[in-house]
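My structure is below; once you've seen it, I'll send some questions.
A, B, C and D are the chain letters, set down in written order, and residue numbers restart from 1 in every chain.
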Amino acid sequence: MNLHIEDYKQNQTTVIKLSGEIDAYTAPELKDKLLGYLNEEGAEVHVDLEKVNYMDSTGLGVFISGLKTANEVNSSFKLINLQENVYRLFNITGLNDVMNIENTVRGDIK
Amino acid sequence: MTKPFDFVEMKLPAKSEYVGVLRLTISGVANRMGFSYEDIEDLKVAVSEAITNAVKHAYYEDDHGEVTIGFALYHDRLEVMVADYGDSFDLEKVKEDIGPYDRDMPIDNMKEGGFGLFLIDALMDKVEINNNHGVIVLMTKYLQENEVGQNDDQISTTQ
Amino acid sequence: MTKPFDFVEMKLPAKSEYVGVLRLTISGVANRMGFSYEDIEDLKVAVSEAITNAVKHAYYEDDHGEVTIGFALYHDRLEVMVADYGDSFDLEKVKEDIGPYDRDMPIDNMKEGGFGLFLIDALMDKVEINNNHGVIVLMTKYLQENEVGQNDDQISTTQ
Amino acid sequence: MNLHIEDYKQNQTTVIKLSGEIDAYTAPELKDKLLGYLNEEGAEVHVDLEKVNYMDSTGLGVFISGLKTANEVNSSFKLINLQENVYRLFNITGLNDVMNIENTVRGDIK
C-alpha cells in the first residue's frame, strides 16, 4: 500500500525506480519527484514501474502532469517495465497514444 | 433481485491514507467470493476511484467527513456501494466529459484528472450514481461462470 | 484520555470466512500508523482471536449475527474494539482457566481450545472485556517510540 | 488468507506441506487431513509449516487434537520449518513443551 521511490543518475538519464502502489496517498510525493526532474530543460527521465503492482487514475494524473511539464520545458520521460494490469489502464484510457511507454512485462500473480 | 447472502459495511475517514486500507479489505472479500486475480485488480481500481473521489471532491479542505462502503455479496455478483455525505455534483455535466483520451486534443489542454468515473465504468459490469445528498456510487461485478466453478473457497450460504 | 484522531468501523457477518478479511484490514491500518512488522503480526493474531470467539461462541448454530469492529487511531496507540450481540459468558469462571499450558496436565485432559483470550492478553498492551450484553473486547497496542520516529508513512492529523 | 494443503508419502513418513494461513476458516480442512493420517496406528506425519505465514489459536487447537489422537492410536507427528511468528505462539502458550517441533526458520518479511 506504500510507494518506495528510488532515484539515481545513469549516464545522461535519471532513473526513478518505483515499488509498491500508486494511489491518492502516494501520488503527491511521486509527482514532486517527477516534475522536479522534468523541470530541467533537456532532462531525460526513465520511470521504472517493474515493481509497481497497483496504480489508479491518480497515477495517470501524475504522468499527464509530467507530459505537460516535459512539453513546456523541453524535457522528456519514458515509462518502462510496466506490469500488465498497470499497462491496461493506459490502454483503456487511450493514454498509451501520447505516453512514451516501453516494453511491458507480464503481471506476476502475487 | 435476490437478497444478498452477506453484507459487510465499513466506515472510513475521507482521507487518502485509507484508500489503500480499503483496497486490502476488498481484495479479501473478492478472494473469498472466488473472483479471479484479474477481476480482483479491476475491483481494487474501481473502488479506489470511488473513494478517492469522495476524498477529493466531497468535503471542503479541512472538513474531513466520512465515507461509507457497503459490500453486498450475492451468489453471482458483488455489489459495492461507496457513499459520502458531502457536496453533490452535476452528473449530466460531468458525463459529457467522461471518456478516454481524445487523440486530437493538444497535450497542453489535457486535464490531469477526469479518468476516475470512466475507469469505474470500464472495469465494472454495472454502475449507478446517485447524487442527491452527497454521492452514492453503486458498482456491480459479476462472478464469471468458471470462477464460481473453479474455486472452492467461496463463501457458502449454509456453512 | 485524548480524543482519537481517526476512527474506522467495520461490520461483518459472524462467520469464519471473514476473519481473514479483517486481518487484511488491520494490517493496513497498522501499517499506515507505522507499527513494526512484529507488532502488526501481534495485532493480527489478537484481533483474529477476538473475532473467532464471536464467531464460535456468541451465536447459536444457524443464527449468524454480526460482529462490529472499531479502530480508534491515536497518536501513540491503536485501540481495537470487537463487539458482538450474542451470548455473554461468565468472565470470572473463564478467567480461572486462562493461562499457558500446564506441564503437569496429561495430554488426554488437554482442551483443544482455551488459548484465545490468553493470547490476546499476551500480545496486546492492555485488554478490557465487557460482557453484559454480548461481549465487547477492547484491546490497546502502543506504538513503540522508535516506530513512531522511524516511519514517515503514519497518518497525520492535519494532512 | 487461504490455506493450501499438499500431502504425499516420503518413505515411511507422510508429509503434509502447508502454505498460507491457518485460522478458523482454514483449520477444519487441516484438522480432517491431519487426524485422518494420525488415526492409523504407527503412522508418522511431518507437518511442514515453512510457507505458513499466519497461525492463531485455532491452529494450536488442531495440533492439540493431533497430539491426543496420536497418543490414543500410537501414531506420531512432528512440526517442521516453523516461521518465527508461528513458533512464538507455541512458545508463549508453553505448548512447545509437549509438541515435537523441529528447526525453526527465520520469519521472512513479506
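What we mean here is this: contacts are C-beta pairs under 8 Å (C-beta built on N, C-alpha and C of every residue); 3 or more make two chains touch, one makes a residue touch a chain.
Since we're looking at a predicted model, the values are computed, not measured.
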item	value
Gap in Å, rounded to a whole number, between the CA centres of chain D and chain B	39
Inter-chain centre distance, chain C versus chain D - centres from mean C-alpha coordinates, in Å	24
Centre-of-Cα separation between chain D and chain A, whole angstrom	45
Distance between the centres, which are taken as Cα means, of chain C and chain B, whole angstrom	28
Where chain D touches two or more other chains at once, by residue number	1-2
Touching two or more other chains - residue numbers and ranges from chain C	16-17, 20-21, 23-24, 28, 32
Overall pattern in which the protein chains touch one another (line/ring/star/complete/other)	other
Pairs of chains, among all present, that meet the touch criterion	A-B, A-C, B-C, B-D, C-D
Residues of chain B that touch chain D when the two form their complex	28, 31-32, 153
Residues of chain D touching chain B in the complex	1-2
Contact set on chain A toward chain B in their complex	1-2, 21, 23-25, 54, 56-58, 60-61, 64-65, 67-68, 71, 85, 89, 92-95, 97-98, 109
Of all residues in chain B, those that touch chain C in their complex	6-13, 15-18, 20-25, 27-29, 32, 64, 155, 159
Footprint of chain A on chain B - complex, ascending	16-17, 19-21, 23-24, 37-38, 41, 44-45, 48-49, 52, 55-56, 100-103, 107-108, 110-113, 115-116, 118-119, 122-123
